[in-house]
Every structure is written in C-alpha cells, then in structure tokens.
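Common to both upcoming complexes is subunit A, partnered first by subunit B, then by subunit C.
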Partner chain A sequence: MTPSPRPSPPSPGPLTALPAYDADAPALAVDDLRVEFPAARGRRTSTVVDGASFQVTAGQTLAVVGESGSGKSMTARTALGILPAGAAVRSGSVRVHGVDLLTLDERRLRTVRGRHVAMVFQDALVALNPVIPVGRQIAEVFQVHGRAGRRAAARHAVDLLDRVRIPDAARRAGHYPHQFSGGMRQRVVIAMALALTPQVLIADEPTTALDVTVQAQILALLQELQDEHRLALVLVSHDLAVVAQSADHVAVMYAGQVVESAPGYELYRRPAHPYTRALLDAVPRRGRRGHPLATLPGAPPDPARPADGCRFRPRCPLARAQCATPPPVHNVGAQHTSSCHRWQEVTGS
Partner chain B sequence: MTAEPHSTPVLDVRDLVKRHPAGNRPLARRGGHQITAVDGVDLTLRHGETLGLVGESGSGKSSLARLLTAVDRPTSGEITVLGRRLDLLRGRRLREMRRNIQLVFQDPYTSLDPRMTVYDIVREPLLIHREVTPRADHRARVAELLELVGLSPDHASRRPHEFSGGQRQRIGIARALALQPGILVCDEPVSALDVSVQAQIVNLFTALRSELGISYIFIAHDLAVVEHVADRIAVMRRGRIVETGTVADIYDRPQHPYTQELLASSPDLEPALRGRAVPDPGYEWLR
Partner chain C sequence: MARFLVRRLLTMIPVVLGTTFIIYAAVYALPGDPVQSLAGPDRAVSPAAAAALRSHYHLDSSLLVQYGHYLSGLLHGDFGIDFGDVPVSSLIAAGWPVTVRLALTTWVIQAVAGTGLGVLAAVRAGRFPDLAVLGGSTLILAVPYFVTAYVAQIVFGDRLGWFPVSGVDAGWPRSYLLPALCLALLGVPEVARLTRAAVLENLGAEFVDTAVAKGAGRIRVLVRHVLRPSLIPIVSMLGLTLGTLLSGTILIEGIFNLPGLGYQTFQGVQQHNGPVVVGISTLLVLTFLFINLVVDVLYVVIDPRIRLD
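Moving on to the complex of A and B:
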C-alpha cells in the first residue's frame, strides 16, 4: 500500500469495522511482546521488553509497576505505536478488542490513537504546545479527526476542561500552558486524551512530577473519569504505594519481563515473587519508623547482557542452581501468576 | 539511636528572610516587584539530630537550603552555625565556615561533572580547603571516603556515566563528607532514585549519622521517607514553617490543617498491606 501524499486522506474507517473486532474481547491485551534495539555499531542487541503479557478490560485499572529500565514505558508505547527510533517489535501482539495493532498500517494506526487508545505522559509541559491556548489545542483534536467544525470544536474543548474539573473552564480555555500549575496542566492533558472518548487510557507516570496533594487529586480524577466512561485504565508507575489504592490488578515488570501478576489486594498481601516482595519491603512505610529499610543489593541488569535463566537471579537471596533455567509462569492463586521457581518459599506456604 | 543526646544546637536560624526580584527580566528588578521565597523562618538543629523539612514545590525548602549553606545570602535574619554568625561572615572567614555545612543535591545525574573522574570529584573540596588534608594524603583520604559510602576505592579512576543513579548519589555524598562537615543539608537526596536503591541511600544516611555524629537537615516531599530518617519535622508552606514537632507529634497528632492535608494525600502502602503478616521473618528473610 502506498501512502497518499494528500494532507487529509479519507479516514480508513473505525476499528469496529474490522473482522477481528470483538466488543467482548479485552479492551487491551498484550501477549508475549518482545521489543528490541537491534545490534548496531559495536552495540549488542538490547531486549527491552522480553515476552511481556497482560490484559485489561473496560472499567478496570491495571497497574504496570517496575523500576527504571524494566520495560514498562516501552510496553506502554508499543500500544500506541510510538516506539523510539531504532526500537523494533520482534514478536507478540497488542490487541484492542481483538484487533492486533501491530498488523495495522500507519494510516489506520493513526485513527486508533486518540479514538481507541490514548496516552497521558509524565511531563504535561512537554505534551503541550507553549504558544497555543489550551482550548485551541484540544479543539484541534476534534478538527483533525473530522469530528467537528471550528465552533463546535471550541465548545467541546470547554466541556472537556469542565469535565476534568478545571474551574472557570470557558475563561481558562483561552490561557496558555505556562499559565497553569503542574496539576492543572496534567488535567488539560487528560482532557485532551479523553477528547475522542477512547476505550483505553494509558497513563505513564502521570503524577510523578506532581506534589503529593496534587498527585492525590489527579489519581482521584482518573478514577472518577474511569467510572464515568468505563475506561480501561493502564497506570504505569515506579511506585507500588501510589497505585495501591487504585489498581484492580498489578503486573510487576523486571528486566523486560512481567515477573508477577495478581489482583491488587492479593499482590500486596501475598507477593509470590522475591522481586515484588523486596520492592514492598524497600518502600518506607508510615508507622515503621526506626526500622532500617530492606535493601536490594546491586542494580537491574544491562538489557544487552541479561543473566541466563531467571533475570532476577544475580540479586535474589533465594537463587539456587535451578534458577539458571528460565522459570515457567506458575499459577499461584486466582488470576495470580509468578515467574519464580521458588515462589512457594516467597509466599511462605 | 545517636551517640550523644541532642542538646547543643549546631545550627540556629532566627527570622530568616529571602526575597528575589520577580522574574529575571531587567525591568522586574527595577519595578520593585519581589517574591518572598523564605519568609521569617526560625529553626534549631541540635547535635546529632536529623531535622526533616517537608513541603511542596515552591514552599521555599530549596531556597532555605541554599541560605543555610551560604550559596545564597539572606535578605535579613540570623544564621548561627556552631556558635558563629554565618550571615555576617565574608571572604576567607565565610569560606572556612562553609566547611562545616555541606549540601547534597537531588539529582545525581546533573550534579557531577561528567568530564571529571570520581577521584577528582571527591578530591575537589580538599583542593579548595587545603588546610583540611595534606596533599600527600589525598589519595588515601579519597579511598577512605569511597569506602565510607559503600563504594570501592577502585572506582576512583572511573567517570560518573559508568555508575548507576544510586552509586552516583554515593559519590555526591562522599564529596560532601570530604571536609568532615558537622552538618549535611540534603535537598531531596533520594527522590530521583528507584525504590530499591532509595532504601540503600536512606540506610547509608542513618549509618553515617551514628558513625560520624553528623547532624542533618533532610529535605523531602515524600513523608514516608522523612518519617524514617528524622527525629523532628518542620513543615514548610509558602516560605514559612507552619508546624514543627517530633516525628510522633507530626505524624500521629498533626495540628496544622496543612500538615493534615499533606499526610492524608501522601501515598501509603500500609492499608494495602493490612492483613499481611508484616515482618514475619520481616526484611530479615532477605539477608
């Protein structure tokens, strides 16, 4: 298929028209995804996402938790087809209601972004154009997708700012990004993401740059909007404490792999992977003052030189000879999986 | 937990004020429009004590840190370090006094010069304050400092980019300790680090305190981290300290509405973990 040189070719039609579309399938299902930076100029191949799988249904919140370099953001970006230059998807699928986005061409992918899957990033200042009033930036979304004329789009934009609880929305629509506080700016970005009523909203560290009181407000807002729109919400975070209140299900990533996946209440109370358990113990907790924090020795592996077998082996206090073979995914409870040979010792059962 | 009871104040701050011209446009200075970053702060740090300073961005925490370390000079007010008025000192006397109160920065990525080796970075303060360590002993002293913060003396010949975030923060701490300061002002020293690494650095601060008898001003926005390291807490908002108290006062019986709001919004694992046998063998299982 040759790309059309015209600026606005007719839209290739909604995802719902595709034969693979299944309204009952999960809103987003990532299956055995592998993303690499291929070897180049003396650099070895880096596998940054290595067989990650998870899914989220409408009205649910999935938290994808991991430290820097765990591949959590890379996985999230694949769902929008916005991988950084040089990164390539090697295998796996990313399905939105049954349709594999990795098989779509760029033109159709463009209609998926915003309309089916939208994303909110950590830094709202970078996501907004500094020289255009925020109302016009939101209105543009409608115009580009051919959803409304100028006047109607401007009206919709004010509605959206109102829906993300920005006070005095009609006046604020005329303001520039720098005139908003960090929290208000993140609300503007969320409004923009919701413009085309997507089914899936991916929020990549949406509150990391914000103060705690503002962070609590933004998390509450995401939760409210999710209820109103029956959104499938993917919350990408480095912090198990931040997602503790809102996640229905948590996927813990380490070195490009999902090492444990469990319903929220289950993961915190009965972690079944030594990495999850170490992370939980390393978080300073209120009311545990005076105790030294548990630390994890070492640092995550270089994605170009992963350990054989279990990736966590070099840092794991439970590692034995068997850990040199890749651990299978064990079912350790209802919707609870762990990729650890010795998960039974971790849960203490 | 500390070697000596917290009695003698090592740092005493009275009615400290810092005003900046609003914006850095030339006319702003002339217009007389000013921002008050620090607005009448009183605080006391006793020997061997850790004072946690919490507040949100723009509350004046970092401005206060810069005043305490004499990076910036106050508009008015008094700063007394080890019995001497820091705010009145100039020139050589000020330079000598700075030895006693050192700053640890938030971002271990931008606060280390990428072209310098670890040896040069940690040794730099010794070249400025020549009276502290004789030149011939520099190599041994740097090795000692690296070991103190949990690095290997072999790391001295490497450059910052070869280290992870947590290791870089250790380098920054080694540099801050080079002059044997009595007081360390740590401005968000762990907020750029991953959770598992953050715990290593928090524990390092605690260990250094009992080993070296250092007193800390520990600035952070994460209330759970501060609860872990501090003896007393000062809550800052809009340039003022709105509440001061022991850790138990602030966390268990917060008085000021703002402190209450901060505590209510701070993310906490505790509710999610309820029902989990907490330190069954606790963190000991990791050892």
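Moving on to the complex of A and C:
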C-alpha cells in the first residue's frame, strides 16, 4: 500500500505528552485487572482474568507463569488492546509509565502499539504474514508510525535483522517466513518488536515452539537486548524452569488470579503457594534421577464455574474447610506475597 | 518455472487429442444424415449428388480416417470448412469477439461484486450484512438463471427500456450488460462465499494480531494482512470461472440472441454441422487449458510458498 497523498488527521501526539505520563512510574503496571467473556446465548460469563496485579520497571524482567488457561496470555494481550473477539475488560487498569491504556481511544492506542509496548508472539511461523517478505514486515513498523519512508524503513529493517544476528541480513530481508528456521523466524519477530525500541516488551511464550538449544539462544538474545535498551520485559511462560533463572520477579497465575508473586530466586528457594510448589516439583532436576516426576492431578477450573473460595482447592493436597473462603493476600517476605490460607505450612515443609 | 511450463504444455497434448476426439466422435454418432439436413428435410437428394457431397466432406470414410483428416488440418491452423463452404475460422472470428466481451464483462462483475460482498460478509460476520449476503445468494441460486434472464429482459429491456432485449447492435457495453448481469448472478454467490470463508480464516490468523500489535491501522491490516493472503483460493476460482464463462455461455447467448460462439455451437449441433461444433469446441478446450496454466503461474506470484518445479 503506498501512502496516500490526502492529508491525514493530526496525529494524537506522543504518549509522553499526556498529563498522566510519568517517566519514573513503572514501565508497566497491571492493577486488579478483570477480563471476561460476557454471557451470551446459552453461555455463562467466563472470567478469564480475575483481579490480576503486577508491575515491572525499566530494565527488569517479570515472568508471568501458569498453565494453559490461567489467563497469562489474556493479561499480556490486554496490555496491547488485542483481546480476542468477545472478550471485554471489566475493571482494573494497565498503566504504561502512569498512562492507563484502557482509557485511550483506538487511535491513540495505535500509537502505543509497537512504539511503547511491543509483543513477541509464541509461534513465529503463524505470527508472520506468510506472503510478505520479512524485511517488509519489519519495515512496516517504521512506516505505520511515520518514522521513515519506504526506503529508509527497508534499510532499518536490514539493520535490525543484523542486530538479532541473522547472517546475510540484506539478502535475507527479501525472504519469506517459510524460508527461515524456527529460531531464525523468532529472531525476525524479535527484530520487529524492537524496531522502535519500546519501553515494554511482552514475550508470550517466545520459546515454546523451539527446541531446547535454540530456546537458550533466544532467551540470551532477549536478555542482551533488554540490557542494551533497558527494556521492561514481561516473559509469559508455562515453563517455570525456563523463566525462573532469568526473571527478576515471578508472578504465578492460576485460574485468572495471581496466586503468588516473588523475586525469582526467592520463589525457587521458598515457594509459599501449593500450586507454585507443584509446578516446581514437576520440573526435572539433577539428583532426582530414577524418581518418578511429580505431576499435578486434575485440571484447572472452568472459568465459567469457578470454585468458591480458593480456586486451587479441588486440586490442593493441603485443602481444608477454611479454604472455602477466598484467601487474602499474605505478605510472605520482601516483595513476596501468597494467596494461600496455609502458606506457612507450604514454606515450612 | 521453464521446466514447469514445458511439462504442462506437454501434458496438454493428450488432453487436446482426447477431448477433440470425443467431441468428433459424438458429432459423428449424432442420429440423422448431415447431407439430408444440409439439403433441407423435405427435399429429395439425388444419389449421385449425395455421394459427391459425402466424398467432398470425407463423410464416406471411417471415423478414424475422418478424424485424421481433421486433425492434420488443425495442425496446419485449418479449422476446416462447414457444410455451407464457409471456413470455420471465419465463423470463429465472427463469434469470438462477442463471446469474449460477454465473458469478460460477466467475469469482472463477478470478481468485483463477489469479493466485495464476501469481504463485507466476513468483517460483519453474524450480523445483518452477512445474513443478507447469505440469504440473497441462496435466493439467487434457487432461481434458474434463464428465468432471471427472461424476467430481466421484460423488466429492464422492455418495460424500462434501459437495455436492448436482444442482439449486439448497440455494441459494448449496452448490449452486453444485461446478459452479463444475468450470467454473473450465478457466479457472484459462489465467489462471495469463498471470499467470506477465506477472509474469516485470515481474520483470525495470528499474523493479523501481529499487525495490530505493530500499530497498523484498520484498513492497512485488512488489505495487506487479511485480503492479500485470502487471494489464493479466490484467484484460482476466478480463473476457472473465466474458463467456464468463455466456453459456457450457450444458453444466455441463445436467450439474448448474441451471435457468439455458444450460439454458433448450438446452431451447429442442430444442423449436424460437425466441423463447426468440433472446431469451436476445440478452441474452447484450448482456451480453458491456457487459462488454467495462467492461474497456476499466478499462484506463485500470490503465494511465495508454492513452488512449481
């Protein structure tokens, strides 16, 4: 599409010009977010994110961990305003340096996407347009934000491919996604997300579709780029082993709620929620060879019919009668919280 | 690409031989006597004159010999002469422009209206425009198109007088619009439904989310990231449709008295005029094959994942 010559409406101006903008505020702060699929014909209201809160500052990595259906991807997508059709934000806020994205109109939100908040998707093969060369897809970021003309944008795209260490970047820019290996494709997606050096980078299961050695390379690349640009990195994953080492802070989600939140090492050393402990027990480790790997029986609750009280109660080995009342958020330690009535037993054991 | 083209052209040879032979044999097997129908049903033909005619047109030879004669002529670019001693090539030259104009007009209407309505239905899926397209296309498909054609002639041709009812005297586009619209009604629902399905599929694709996450505007997302990948099935269908239109306009040419190839084929069959039927059919088969080839090459342009070799 060639840019049309007709005068475009005045740009809504940069996010930094908004009165709410505060450079010292956390790069991303999600507060009491609630997302649901409202009831429709024959369907009950499904609450997929239920009061989730977390924050991440520039240069820090936050890992959001949980099994499929825990609401972690939904939360991540809310930060970009790309919820699936039918989903609606009920309450809460998603602030980028103090500016609540949920209050912005679509036009201003568009200036935030890709510019202030960018996203790396899970499977680069489906996240890239199959019929457009990768260089053009990266260049598009500059063009839609009016940062460069067609030629300059194409040059920037090659530079970015080079920065994510794709060999022979100038030639590869003209190739299509299917001509790349899985790891290289993910590098393309990362290059695209980094094009305008956003403040917040959300990586939704960035390594799930890759094999283990490539996973490590991609995580190392993300970390390196984060250090270089002081990105606030949100790493969404179902794999506690992948993220726990690299994350400054971990938020564990279960059935749409953040059930435990702690610095990475602390969570590893002293889990304070039975769900976190079950996740850690399910990670294969040296020294546990020959022992069967622990598994967590049961399935997450149906978001349309949540259990009363603690959501984890039906699967919890420690469940007692008191768990039928909603657990409050307990302070376990510095920056460490747990939503479990019996957290002391978990940490003590 | 070159290897692909050569291979495809080679595979066309048996197809052309097979189809022309089948058509030739079918005309040969038609009941009735070509000499008699040439002379007229009520006139007696003297045995000597009949024998002379048979020999002149090779009608006394066996089917294979006749076909051989025909084929060798065809290879020299000679479509033969019909029973009125008119070269079939001049009949084709007269009818071809009419059919091509009708087919292309119809095709453009189908392509524009079909994809437009399909996109509209997809982006408003489940709501009024979608249901209207679905209902409208069901209604159109339920009515035989010669009924639509006669009604259109009465309403727009006769009552309103917007278009001529028959013939091509008013030239393009006036003479062609009404038959083309009637013919397009058949294809529009098909194209619209296919477009709707393809667009809906791509609307839900993750790369569309990626485009939105980049900050791309709605139009850009729709055109570059939804429509572009949706084109593959649409182009293949439109290509086949063009092939069918160029060869399958017999009925509508009859209703609107358009002296195109379909009309001539129809008359040829009625008059047992073998050379005309076989000649025009052969040309249409070749056209159809050629368009298929063009569609296959277009795939590569639209979808870089497809390799022809």
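Keep this in mind: the second predicted complex is superposed on the first by the 337 of 349 C-alpha atoms of A that agree within 3 Å, B and C clash if a C-alpha of one lies under 4 Å from a C-alpha of the other, contacts with A are read in each partner's own complex, and residues count from 1 in each chain.
The criterion applied here is as follows: contacts are C-beta pairs under 8 Å (C-beta built on N, C-alpha and C of every residue); 3 or more make two chains touch, one makes a residue touch a chain.
No experiment lies behind these values; they were computed from the predicted model shown.
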item: Fit-or-clash call for subunit B and subunit C when the two complexes are aligned on subunit A; value: fit
item: Touching partner for A:Cys340 - first (subunit B), second (subunit C), both, neither; value: neither
item: Vertex subunit A angle, Cα centres of subunit C and subunit B, expressed to the nearest 10 degrees; value: 70
item: First, second, both or neither for A:Ile166, with subunit B first and subunit C second; value: neither
item: First, second, both or neither for A:Ala79, with subunit B first and subunit C second; value: neither
item: First, second, both or neither for A:Gly114, with subunit B first and subunit C second; value: second
item: Partner chain in contact with A:Gln215 - subunit B first, subunit C second, else both or neither; value: first
item: Touched partner set for A:Ala294, first subunit B, second subunit C, both or neither; value: first
item: First, second, both or neither for A:Asp239, with subunit B first and subunit C second; value: first
item: Partner chain(s) touched by A:Arg286 [first = subunit B, second = subunit C, both, neither]; value: first
item: Contacts of A:Asn129 with subunit B and subunit C, given as first, second, both or neither; value: second
item: Which partner, subunit B or subunit C, touches more subunit A residues; value: B
item: Shortest CA-CA distance in Å separating subunit B from subunit C in the superposed model; value: 6
item: On subunit A, positions contacted by subunit B and by subunit C; value: none
item: Residue ranges of subunit C touching subunit A (in the complex, touch as defined); value: 205-207, 209-217, 220, 223-225, 228-229, 302-305
item: Residues of subunit A that touch subunit C when the two form their complex; value: 1, 77, 80, 82, 110-115, 118-119, 121, 123, 126-133, 140-141, 144-145, 176, 178, 189, 192
item: Of subunit A, residues touching subunit B in the complex; value: 67-68, 182, 211-217, 238-242, 244-245, 264-265, 268-270, 277-296, 299, 317, 348
item: Interface residues, subunit B side, partner subunit A - complex; value: 1, 56-57, 164-167, 194-200, 202-203, 206, 221-225, 227-228, 247, 251, 261-262, 264-273, 275-277, 279-280, 282-283, 285-287
